[in-house]
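Chain lettering (A, B, C, D, E and F) follows the sequence in which the chains are written, and residue indices restart at 1 in each chain.
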């Protein structure tokens, strides 16, 4: 079974990112394919490598990066939503004339077409949000 | 009259930051003092200078920075909330061993004591959030 | 491959950006030649209210987008009759022509689509 | 200057982080020698449910903080009787000793405080 | 001490208004802002509950939020006063403290 | 085509469950996750509404979310099945599509 997952909220404030992560881990453990995870709305805030949560708490961003590395997961940050909220890779930094970038390893920035294409190519869309 | 304002949500996803901004502008225009604006929870995301919203929309972060410059406003980002969400100044970057910082001009990062102290020294606490 | 996509809009405009960011998805979706329907239930019906004027809150007024959908061949807009009634809205209060469905008919609408987007 | 501060908790734990981040404010507030009361209404009463076990969701279990409040001289914890009843909760279901108040008594509680924090 | 209660969520979506009305005291005030303004509309399923509450409590509604959402003063229940942001500021001073129902 | 509806908000706080139940078809399923699990509890003011809905619809509840919030299986209404995340995945496959009530 092929899944595409949409994540609509950033880390820590809502359980969204936690639920999505647990769902995806379970799907992968069962041998299903997760074609793409698409981060939209405040969900783009999952993609900043500048977070530093307390030691006794889970690290939501690191966990995404590790999952992507282990399973070759495609973590896509919506470019329009990311621009509004300040999530940039080096290319976006240069294009927008900013002086820093903050995208975490394993994520990439792309357009909404990646969501639609993913939905077309997948068997199931599962949305997590607030 | 002395106000302290608490802002609990980031820019764009909720009207929170817009309402707080309009309220503060109106209070200042009437000659009241705004002792401090305290950004808590996802509100810390108001303090990133990496945002680049569409040209035909308001720029929430620039607007805060401009208001701070014009009225010598004290914009305080809660350090604990900011660490969880990836908002850093240069000092935090060095302390946490990160490779970039993203705090916008006019904001400073400090502790929750700034909220409590502000409440003690003010006549009114007004909270904006979701 | 063409999928029947239903975009379910349940939130009021401006209080949150879901309505605004849903429009972007619909427009991109139309470029992919998918079979698109938009459904407005609960507070989503408020998105279509005419005469929106955001001058006083300095936010972007995006309500004209709904009338522009037709140019993108997004022509199937449905609203819940019961949601309208509970909110004191009539069809003439809306900024665009829509098909008003009963909640029972909406159950069937959800049923016959392949994918449901939630905003 | 000592102000009477009321912290109003209205949200369930874990679904959002308001409960967790409210605890930080309360603890800092106690260091400022303010007169602190905590009120749990609506879904806020769920914060105090005993036996929370977050192993399966891998989130931090912060429910022990409520029992630790006493060490910080935060001793006035109030819950709404009506909120408990609607949610099928009894006083013995809670992780800490609290004073159960009627909603009418809570009106007076809000009235007599100088500042209200909302979470 | 009197309280200005602010409600920023639609009563159709969340329980904020309902909770607020459960705890609001006679002589206090409720200010509807953001999506909270929908509670002020005529002919909704909340009109009766609002009319009852208005007997004891002063209701205000933020005009810029109302206009943004496409409603003019004629659509608002009688007895609810419209204010702008300056009026919002005045209300926070007129009442002794502010309670936000978020 | 059958639908798996997910509800992640407390019915005491938001209208998500209420909306979902208005549109759910006989033979479809509702999965309660995150703060949505509170709808599954015995002895709440929603128990009757849930019991009625359960006659036509299959109800599931995410056990890890239930335990995180301090409730064991004995506190859940009879007829609601507990699943873990693997069971959540299975449900999304068993039904033809997923509708999230956010």
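Side notes on the structure shown:
Criterion: contacts are C-beta pairs under 8 Å (C-beta built on N, C-alpha and C of every residue); 3 or more make two chains touch, one makes a residue touch a chain.
From a predicted model like this one, the values you see are computed outputs, not experimental measurements.
Counting steps between touching chains, the shortest path from subunit C to subunit F takes 1.
Among the remaining chains, those touching subunit E and also subunit F are C, D. Set side by side, the interfaces A-D and A-C show unequal numbers of C-beta pairs in contact, with more at A-C. Centroids of subunit D and subunit F (each the mean of its C-alpha atoms) stand 27 Å apart.
Taking each chain's centre as the mean of its C-alpha atoms, subunit B lies 26 Å from subunit E. Computed from the mean C-alpha positions, the centre of subunit B lies at a distance of 33 Å from the centre of subunit C. Multi-chain contact residues of subunit F (touching two or more other chains) are listed as 8, 12-13, 15, 34-35, 64, 84, 97-98, 100, 102. For subunit B, the set of residues touching two or more other chains reads 12-13, 15, 19, 22, 41, 54, 57, 80, 125, 127, 129-130. Among the residues of subunit D, those touching two or more other chains are numbered 14-17, 42, 57, 59, 115-116, 118. All chain pairs that count as touching, in label order, are A-B, A-C, A-D, A-F, B-C, B-D, B-E, C-E, C-F, D-E, D-F, E-F.
Listing the residues of subunit B that touch subunit D in their complex gives 40-41, 80-81, 111-113, 115-117, 119-120, 125, 127, 129.
Those residues of subunit A whose C-beta lies close enough to touch subunit D in the complex are 12-15, 18-19, 22, 54, 56-58, 130. The touching residues of subunit A, when paired with subunit B in their complex, are 10-13, 41-42, 45, 48-54, 57, 61, 80, 83-88, 93, 96, 98, 100-102. Remark: subunit F residues 6, 8, 33-35, 64, 84-86, 88-90, 92-93, 97-98, 100, 102 touch subunit A in the complex. Listed in rising order, the residues of subunit A touching subunit F in the complex are 1, 3, 8, 15, 19, 22-23, 25-27, 29-30, 32, 123-130.
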